[in-house]
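Lettered A, B, C and D in written order, each chain numbered from 1.
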Amino acid sequence: MFEEFKWLPDQASTVAPEVDMLMLFIVVVTVFITALVTVLTLGFAIAFRRKSESYIPAPWFGCIPLEIGWTLIPVVICLVMFSWGVKVYSNIVIPPADAMELYAVGRQWMWKIQHPEGQREINALHVPIGRPVKMTLTSEDVIHCFSIPAFRVKQDVVPGRYSSLWFQATKAGTYQLFCSEYCGTEHSRMIGKVIVMEEADYQKWLSEGAESGQALQGRKLFAKLQCVTCHTGNAEAKAPNLEGIYRKHIPISHVDGVKIKDGTKVFADDAYIRESILYPNAKVAAGWESIMPTYQGLVTEEELLQVIAYIKALNQGQTPPRVAETLTPAAIQNKVLNKEVN
Amino acid sequence: MATAEHSTHQPAPLSLYLATFGMLMFLTLLTIFAGFQNFGMWSTPIALGIATVKAALVVVIFMHGYSSSPLTWIIILASMFFLTIMLGLMLSDYMSRGWAM
Amino acid sequence: MSAIKETVQDHGQHHHKDLAHHFDTLEQQHDANTLGMWAFLLTEVLFFGGLFAAYTIYRYKYSAMFEEASNHLDITKGAINTVILILSSLTMALAVRCSQTGNSLWTGRWLLLTIAFGLMFLGVKYFEWKHDYHIHLMPGKDWSGKDYWHWQYAKKAKDMETEAHKNGSAEHSLPNRKDVLADNDPSLGVRGIQESQQARLFFLLYFCMTSLHALHMLVGFVLIGIIAYFAYQGAYSPDYYSPVENIGLYWHFVDIVWIFLFPLLYLLGAHMGH
Amino acid sequence: MSIVSLETKTFEKFADVPSRNDDVNYLSHDFSITSWLFTLDHKRIGLLYLVTITLMFLLGGALAGAIRLELLTPKGDFLTADTYNKAFTAHGIIMLFFFLIPSIPAVLGNFLVPLMIGAKDVAFPRLNLFSYYLYFAGSVIALSALLLGGVDTGWTFYTPFSSTYSNSYVIVMAVGLFVVGFSSILTGLNFIITIHRMRCPGLTWFRLPLFIWGMYATSVVQLLGTPVIAVTLGLLGVERTLGVGIFDPRLGGDPILFQHLFWFYSHPAVYIMILPSLGVTSEVIATFSRKNVFGYHIIAFSSIAIAVFGFIVWAHHMFTTGMSPYAAMVFSLLTFSVAIPSGIKVFSWLATMYGGSISFDTPMIYAFGFLGLFTIGGLTGLFLSTLGTDIHLHDTYFIVAHFHYIMVGGAVLGYMAGLHYWWPKITGKLYSQFWGKLSAGITFIGFNFTFFPQFILGYLGMPRRYYEYPDEFQVLNVFSSAGATILAVGYLMPLVYMPYSFFFGEKANSNPYGGSTLEWTNTTSPPSPHNFEKTPVVTEEPYHYHAKEAAVVSH
């Protein structure tokens, strides 16, 4: 019980020292004012204790300079705290552009984490030291909260939308991962370990545990879900070419089925791709018919993330040919029956 | 028999009530007419503006706002103020979500 | 010891039959009752305010669909209701005026007339909701996220209705369920689900707000009935008419809520052509 | 004179207000049950509330004991996970809605507001009794929800867990809170009209005691905030029964909207809980320093400022939910606006004590405790209003410690100070000063022992509502649980010596502590059924203390 006891949490991320400095400043202000109030209370209590029943102190109605003083000084202190807090907050909330992308899906009482290279972990997160990591989070049921105290970061995971969180680990070691938004019976068991590793160890961990990569999974799904039948990426395609569309501005013609003035573009980020898969008619690409069926309910959150990862990794000329080894089980079945072997 | 101090308020003339009623009818027609016009983003403010004028008429005349104590007016303005606070600050969150940091 | 506090003899206010023991003068009692009612109306404003906040947020998020969904409401019935409610507001104001002048017979009559108009309002409401129920606009357990044919059914019913109006026949039949399901083309699938969810949110807010308003009207009928009864007994006089005035304030508030509900719910999609 | 004088001191020197006949007061004029259960007398209604609220406080306290016992060990071995979740939910709901919100307004407010403003009763006595029975019905419904199987959503009822995933008695509890909410609204309405329209002649707004200003500000918040939680619980009920998706993201709804609507009431609710205690402390410090309150106008306006600012800050509970960063900055800045008036109050109280003639009776000891703990509670709020630190501290034990310092250190100590200060006026009996001071001391020590470790736990990152926690948090949790036992003793002691004093205590005269407000100077202890023989006329500014040979009240 005593060996792990510590007074202060580890500082294991770039933003941790900043938060701790701000924390220290407010602690100092708190201790100072509390001490002031306590000393004055006890001092006045003893100095002005009642000595005789008949003594009536002279009334003291007010003292403008004193009152102005104890109003303006707190205002100044509060403004300092506010602006310093906003500075630290923007460091916590704005991820660097080159951050490494990870995905985490919270569901009742476990964290499922996916690495772009394909690793999938439950309640465990292996991250390299020194590299910024941006986590895209979503939930499959209730509101959870992805919280790593050692990194001083926390982000509620709201079902039905993506939220994000970023950190850059600075100290190797194993830290606690908590769910800190109450989510039901096993809320306190929805915890995990964050293992920060040196770059070399991380690469080794990645390679040995390399099941088929995230994008690879996505590629299989791209075929299985018949996306490839329309998004063939060539001339007679019936749907837009998806090669290299990630983080590009896509011209769109219709929003929610309503014609909008042409030339408006939409930024193709994860949310746009996810929305177009679940609600294709939401923002229809310019020049294309809105014939894409919905995949709402046909694809789970994890598969969605895998397809998105594949589309992000898709660049010029890589759209798989329609046939190739991506035969659907049914097609394979017919092939065997008709004894055609190519 | 009238007691010592006079009854609190002198009742308003009947014509005032009928005039107010007529005005409310006119404003209702105006609301419907305005509803059918396409003012684009201005349609809601106009609709709410007309509704506020109608509500003000009801408060001032039918609910004897004109002869009520100033405290009544403080209560009326307080309810509008806190309702606007609730709607405004909630909308501020939803409207500013899209802005990139 | 505290400041010197003289006491004053209670000046000769003989106890008027309507003056409660803890009040000093009739004026003070009347003021207190009226202010109490206004303070209660303040809480009602914020009570409805919660629903208006939900309406504002969802309308901001799904404005296109809210306008289309609001097109399915019957504007004529809404307009008639607005007129009826303003009429009932007038009769209530006249009732309060009569109680001020001590004409208790007409106070009772105007109050009963107010209830009559209120019942007419709820009658029109009943037919409106019955129609809405038949064309599947009433959000409920079965209107879950997956199937969206309720919304398709409602749209088909509206199209048939506009056809019927075009070629003059007042009567129009309702589409039967099977053919709505039949021509349920898959490409509309996603559009259907998203539309259906957003439309249902509009109708959920529509039914919540109008039923809360109707509930307040029912409570109003009961109170007006009681006060009308006492008015007929001659309980109110120019010195003591605050119960009539308070029920008047309450009723005018219920009217004001409808004055805001009508444009926000019914006239949203009017400019899109009926 | 020793600092802690043990013998009970009575101020015979203050003129006793002679009542027509000594035996007829509001307690003794009728002993029948119906005279109590259907009383319209604001003083008796106050006592009805006192009994019901004390029972609710004991139930909430027992649940707190169970929680602290469970947290002694990292592994969950005292309660099952589900029972623990139901225990902390019930602790939260009972303590907030059934004890803290009604405690001072309903008990001390009901008793004192008419007395302090020279009125015969509140503006609407029947409505006052109806409020009590609404409170009673609400607590019966809420307790039945607990007996049926409890609620496991936390007192915040966050959707979609509370609307679709929780299979506990959420709707029964929501109905209970809906009913008790109206009791709070109607009490607030009653007090506002009473204070506006029923002040005795000469009692202008700036001659009102500061307790009345505190009650007025509280009533404004009750009136403006509670309806919104009523409609929110209504929507939650609709969502849970019809599953129509207003808060369910799978059906297009938005769970964040529930949080906005919930916190729009629930943050002002914490000001409903603390404002009355600020009012009581102004009274106690002024009377026991026998000196006028420093900066009377500023303190009065700061109560109103806290009430109004309380409505524009609610989203600091939602900084980590992914609301827009710009809105978060706006709410963070607005939240600091509430800290300023609270600071002004504390410094003004210190200035009041400066140059006073301070006597150390039990209420004053509680007030000293209040000063210290309310200051720490308020200052730790700055950590949570600053965006940078709130991300780390949100939903950790730091927040649990912060609001317990304000609620238990502030509101409950204020309630205890008020109860001990006005006990001689309520019951006409003097309690034992020794036991009073002892219980105040034990409560203060036990409280700090319980909740200060939780600040450190919070900074270490221990999340809230955890049934099992990692081993490194155990030491501080053991400290906290040990402290909880001392705190329990501190709370149970008044349950012994107060009722004892009611039956066997020494008779108190009408002004044992030399107070300057109307209830001390113009009514007997306990007051007559109609409060004042003659309606008093106020001619002087408040807190004007006179030398002991004050003129006997002419009648």
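Here, a residue touches a chain if its C-beta (ideal position, glycine included) is under 8 Å from a C-beta of that chain, and two chains touch if they have at least 3 such contacts.
These numbers come from a predicted model, not from an experiment.
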Chain pair with the greatest number of C-beta contact pairs: A-D
Based on mean C-alpha positions, which chain is nearest the centroid of every protein C-alpha shown? D
Note: subunit D sits from subunit C at a C-alpha centroid distance in Å of 37
I'd like to verify one number: the distance from the centre of subunit A to the centre of subunit D, where each centre is the average of its C-alpha atoms, in whole angstrom. 39
Mean-CA-position distance for subunit C and subunit A (Å): 44
Residues of subunit D whose C-beta touches two or more other chains: 13, 196, 224, 228, 250, 256-257, 260, 264, 325, 544-548
For subunit B, residues contacting two or more additional chains: 71, 78, 82, 86, 90, 94-95, 101
Could you tell me which residues belong to subunit A and also touch two or more other chains? 90, 93
Counting only contacts in the complex, subunit B reaches subunit C at residues 2-3, 5, 7-9, 11-12, 14, 17-18, 20-21, 24-25, 28, 31-32, 34-39, 43, 47-48, 50-51, 54-55, 58-59, 61-64, 68-69, 71-72, 75-76, 78-80, 82-83, 86-87, 90-91, 94-95
Sort out for me which residues of subunit D touch subunit A in the complex. 1, 3, 11, 13, 76, 81-82, 85, 152-154, 156, 158, 160-161, 165-166, 249-250, 255-256, 289-292, 294-298, 320-322, 325, 328-329, 332-333, 336, 339-340, 343-344, 346-348, 350-351, 353-360, 368, 371-372, 375-376, 379-380, 382-383, 385-392, 394-396, 456, 459-461, 463-472, 474-475, 543-548
Listed in rising order, the residues of subunit B that touch subunit D in the complex are 71, 78, 82, 85-86, 89-90, 92-99, 101
Contact set on subunit A toward subunit D in their complex: 1-2, 4-9, 18-19, 22-23, 26, 29-30, 33-34, 37-38, 40-41, 44-46, 48-51, 53-63, 66-67, 70-71, 74-75, 78-79, 81-82, 84-90, 92-93, 108, 141-143, 145, 147, 149-150, 152-156, 158-161, 163, 176, 178-189, 191
For the subunit C and subunit B complex, residues of the former touching the latter: 16, 25-27, 30-31, 34-35, 38-39, 41-42, 45-46, 49, 52-53, 56-57, 60-61, 75, 79, 82-83, 86-87, 89-90, 92-94, 96-97, 100-101, 238-239, 245, 248-249, 252, 255-256, 259-260, 262-264, 266-267, 270-271
